[in-house]
């Protein structure tokens, strides 16, 4: 499952401050889903034009807009102008090669997260950027493409009695981040299975390929750990209360998410240790195979070399070799050779080589 | 003794804030033991209904309730409502896959700890979560199942003259944590024995299996260290005086527990180093075996190859080979071959190969 | 691509405070490019004498002077006296072996950066020092030699509507540093390609040389990481607001540059890990080759040694060897030898050695 | 010199706050030595009853009591009651498995230190606990058994003009700790000698046992480092002025002791590195031996296999083999075989295998 | 170039506070050089008696006294009494086994530094202690023996127009430390050369000795790094402004020295990495040699074993072996054997073993 993504050059040489979409080419129009809810009402609206969003002025609801696609730079610019967003945030939304990070501005809270897409069969992982913009009573999430990752949250909001309906957009943010963190646990399981598979292959039938697989698994685990690691800082900044947008009552929920992240990072580290252990096992199993080959050679050679010598002796053409003329020497020689062979075999048995 | 527990999926996809029991399925009803004591009185009451606990309003005693089982989510919810507990704490009580942690709230102190169950024979370790809720004059402990881990503390409380009777619920908390930390020392001994066993096996009869055992022992030690490690932070938070519920006079006792934890972690680290050392010994013992095999081959081959050559020479059919006709050549050849063999053997002795 | 540059002795033994050019000898006269711009005007002037720069006194523009060459110590001294620069800064400008660093003085901000020159074919990297002096409305950049690294910035300034025209010299500084950081991404790609090349060579045709290449690549990666690493501190000092010369509005841009640096360092670290992995693969592929050689020896020897023994037996000259006289013994012996050989081959097939 | 001491179970299961002696069993009565001195007077008194100590009320002297033995728990309890000592300190005095630590109480300063007993011949190290209790004008030291480790200090106090007579009990404490730290330097030398011995053995005559010795030395060094390491924190706490009992004028002396501890820890670390280096040398020397064995086999086999083949050819029984009938063929064959052998030997010489 | 100096026992057992010279025995009288200068005057005086120094009371000059030799304890004591120096500083001056350190006292600044003496041929390094005592308008430097390390500074002071003449004794201190740090760069070059030498030897002619050299080089590099490392703290304490004796205007110069120290430590670290890399190359080159030996054996054995078998077959004495009687069988057999050999050789070529 190798997924080292090389840095895309597309932005190199361009001035900082230029909004550029850096992902794979996409053509489909960007779609928007708006959900407005409070303790009493719930409304879900598909809008096609970003300006429609800014026309809605309800303040007694939580307004959650999902932007599905960040490849249309114009839309990001319109949005930026409408709410007077800092240009660098606009850039970060479209540049899908950002690190996970938090940007605390006067009236905004901007967070970049990463989720992982994977197909269960071939285990090709794709890193997907999800960014969150929190301000006033609003939360805007930006996805790279249409995705149903947050469907369970939508369902929960629909349910009248869920806690999410009673709390603000900061709790909504927590719920979404929590879903992403949960998806890492699923990823952990897949990696765990992969590691187990390699371990089994190592025991049953190790070959050159196994070594490559071990190296790739190790590389992937380290890679994922690096991508996930900065979440610690992000959530820490929230817990420390750096931004007034997150109310203090919500801190305890983020503290919980923090513990989960620590657990995930620790598990990734223990996987890395296990994979390193597999490498040792692989190398020593190669040594073991070598030993086995050597043993067969040694046993065959050590048994037959002395016998061949004996045969050689009686193949000599000396005129005066008394044994040659005796009647039973041939038989006796066979017996001697048999005894020698048996002694050898017993010796090897003792040494536990056979 | 491998005990890597995979993360249970059960909570994935569920909204944060849902109380879910994440352990193995259990059916037995949850039982409660209430102990109330002060310097003069001691009372032990088995109660069957959690509401009975809240009806008791004595304030001049320490009230210690033990909840044996966290699989009945309803009971946790009742408890939560009665004392106005934060929902996230309620979740943490039932989710037995939490990390060791401390949650300092306005009126509560909540601590998650881990003990290890093990059967001395087969060394299968099971991680057990124990959580403590401290408030007012009360301490509630939550166990996963019935357990006699705290029996020695109950005995001590019964004794009229013990220090525990004179001090508050914070000292009781310390005593319980101290018992758990003590149990880690027992665990250390078992691991130490295991490491010694592997070391002995390594010296007497190493095989493929030994390598696996070394890797598993290493993995277990690292795993246990990771689980135990956060206790440092928990006790540190207490010593720093983050929570007013722990009186300052009790700090010195926690400082002592802190030293024990450091000692345990250090011992685990030294075990890990020892196990890594064992790996080196294993790999080099495999090399040694290989050397031994090679030596036998070399000795046998090196002695007989020249002798076979000599025999081969006199097996040639040239018409004019003067030695063939001499009377004692056969004898002389035997003597020469003997001398060659002896020289070889002496040479190998000198090289210390035999 | 080995580029470990030994420390030049030239400054050893000289008093601290002596301005000395420590690079390779250069003779060409130093040239100056002055760009003055504000939101309305843009002027680009080639000046030949440093004093001309100090005669210009416009304050409503950003004045950007590029000094192409630091080998003429006299010019640095004139400059130092004109603006009352601290002697140690004057030294640092000419000594091209400084580490990346920031020097925050009362009225000046002085930054030393490093770029890398490389020719795509032979991958010889050369470290180039670029220093920045920021004060009042001015920015002076010092290059080791003529270079077009900042051409894209000049183009941008020329464009009337670019953001750079509206902001001060601190934003200009950010743009220049951003260009340098961007060039590191290009470097990363080259290193990545090199690592891939080695990996491929390792799979197809590893030899002694490969090991050297791995070691050199590892060394280079560590070296580059060390050179780049202190940028973190430099940008951190800016973000912390240590110098009033950088306005707070510009901090967010530097925060972005900070994230890029972290990403670069992380990628370098993952390359280092990959190269270490390659070393393991190399060592194990050598083991594998050895195994292959041993296997051929074992197979050939193990098949023919018993056969040679059989032939040896019937080469003995005993008078009474009944088989010798039988009519079909020769044929039978051939058949026996064939059967032995076939059994051996089947055995090896089973063991998966052939 | 293996001395991993397993944690003694004796305290497990006992309530915290119980004073228990955890060392090897001892029967002898505890003896007390009291030294009282000031600039003018010096008195040394052997007392047999701890209460005698508390009857002496001089305040213009430094009172230094040495308690030789901590196995009589009653004495510790009397002492604790007399001066109103915290129970946990009383426990720590008798529990000889404490870590090195400092306990700063209102009126007391309590320090636990470790010295090492060793017999120069067999290098069995024993860890010995020494604790210090400092209050008012008094210093009480607790030893596990009678020891002359502090005799040089007693001698110095006896000398009228020594600095120790002019300074308080805090300087006395420093002198005692300094003696202990000095004893670590002696330990360092012994370890250094041991490492040198192993290195020499490695060069002259490495065997299986050497590997074990290397592992044990490594383990011991790490163990000692771990025991000594916390002294840093102890002395740091003193230097920071955490306790008013240590006057500021004495800080500089402790700073000196701090430097010595750092030097000791650094030396231990360099020993550990050296021992790790020895492991590499050992493993490679095993490889070298293997190579030597292989070379002998190769040389003998490679010389004689072709010769045996030649002999085999002329052992064939073809009717028409012209060479067989020629007069000098036998001689010629010998010459040919000799030439082949010589060419082989020259080839091996060239390759530097002989 | 091994130079691990064992800790000298000489001070063990002596009371702390005793001034003891701990270096090799020296007999020569201690000599003193006094230099007094200000912007206008310069005077260099050889004095023979330390008291002469204290009789000079000029305050409008910088007074720099160099004490060449610290083995006469009496002189240190006189000096200590004259200026009321703390006893521990007096000890530190004579004890040449101190770590690099800074001692900030009320009116004094005391710094211990280390230089390295080495003879270019045999590369035996000797650590030399240099200490500095700064107070009022004075700087006293203590050297272990006569040395010309500071001659270049003396020359500079003599020059009327040098900056050193205009600045105080703190700038003088900086200049002296700068000279010492510069000498480390020379040391770096020597180590670099040594590492290159080992690398070359490794490529051309590696033997057992090379491994020892690698280990020693590694050890030396680590050792030097450890000795130099604490300079960071020393200079940091100065830069932080811990002592008022160093004026703030001088801080920038020390900041420059700090950067140099970082560069030196980094270079040492990269040398250590390179040496570790050499170890890997050495071990793999041993493997390679082994492979070469094995290949020769395999090729010779694999070619001749089948041929010998063929010869053996026709050495059998069966009565009815039709081939024996045919006229050209001998020739045919030779041709067959030749073909077999050629096929083998081609096979080995294909495998790239020849």
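Read from first to last, the chains carry the letters A, B, C, D and E; within each, the first residue is number 1.
Note that in this section contacts are C-beta pairs under 8 Å (C-beta built on N, C-alpha and C of every residue); 3 or more make two chains touch, one makes a residue touch a chain.
Remember, predicted model here, so these are calculated numbers, not experimental data.
Common neighbours of subunit C and subunit E: there are none. Inter-chain centre distance (subunit B to subunit D, centres taken as mean C-alpha positions): 27 Å. The distance from the centre of subunit C to the centre of subunit D, with each centre set as the mean of the Cα atoms, comes to 43 Å.
In subunit A, the residues touching two or more other chains are 287, 290, 294, 297, 301, 305, 308, 312, 315-317, 321. Passing around the ring starting with subunit C, then subunit E, and so on, the chain order reads C, E, D, B, A. Those residues of subunit B whose C-beta lies close enough to touch subunit D in the complex are 152-153, 156, 162-164, 174-175, 178, 182, 185-186, 188-189, 192, 252-253, 255-257, 259, 262-263, 266-267, 270, 273-274, 277, 280-281, 284-285, 287-288, 290-291, 294-295, 297-298, 301-302, 305-306, 308-309, 312-313, 315-322, 351, 353. By the touch rule above, subunit D contacts subunit B in their complex via residues 4, 6-7, 9, 11-13, 15-17, 86-88, 91-92, 97-99, 101, 103, 105, 208, 211-212, 215, 218-219, 222-223, 226, 279, 282-283, 286-287, 289-290, 292-294, 296-297, 300-301, 304-305, 307-308, 311-312, 314-317, 321, 323-330, 333.
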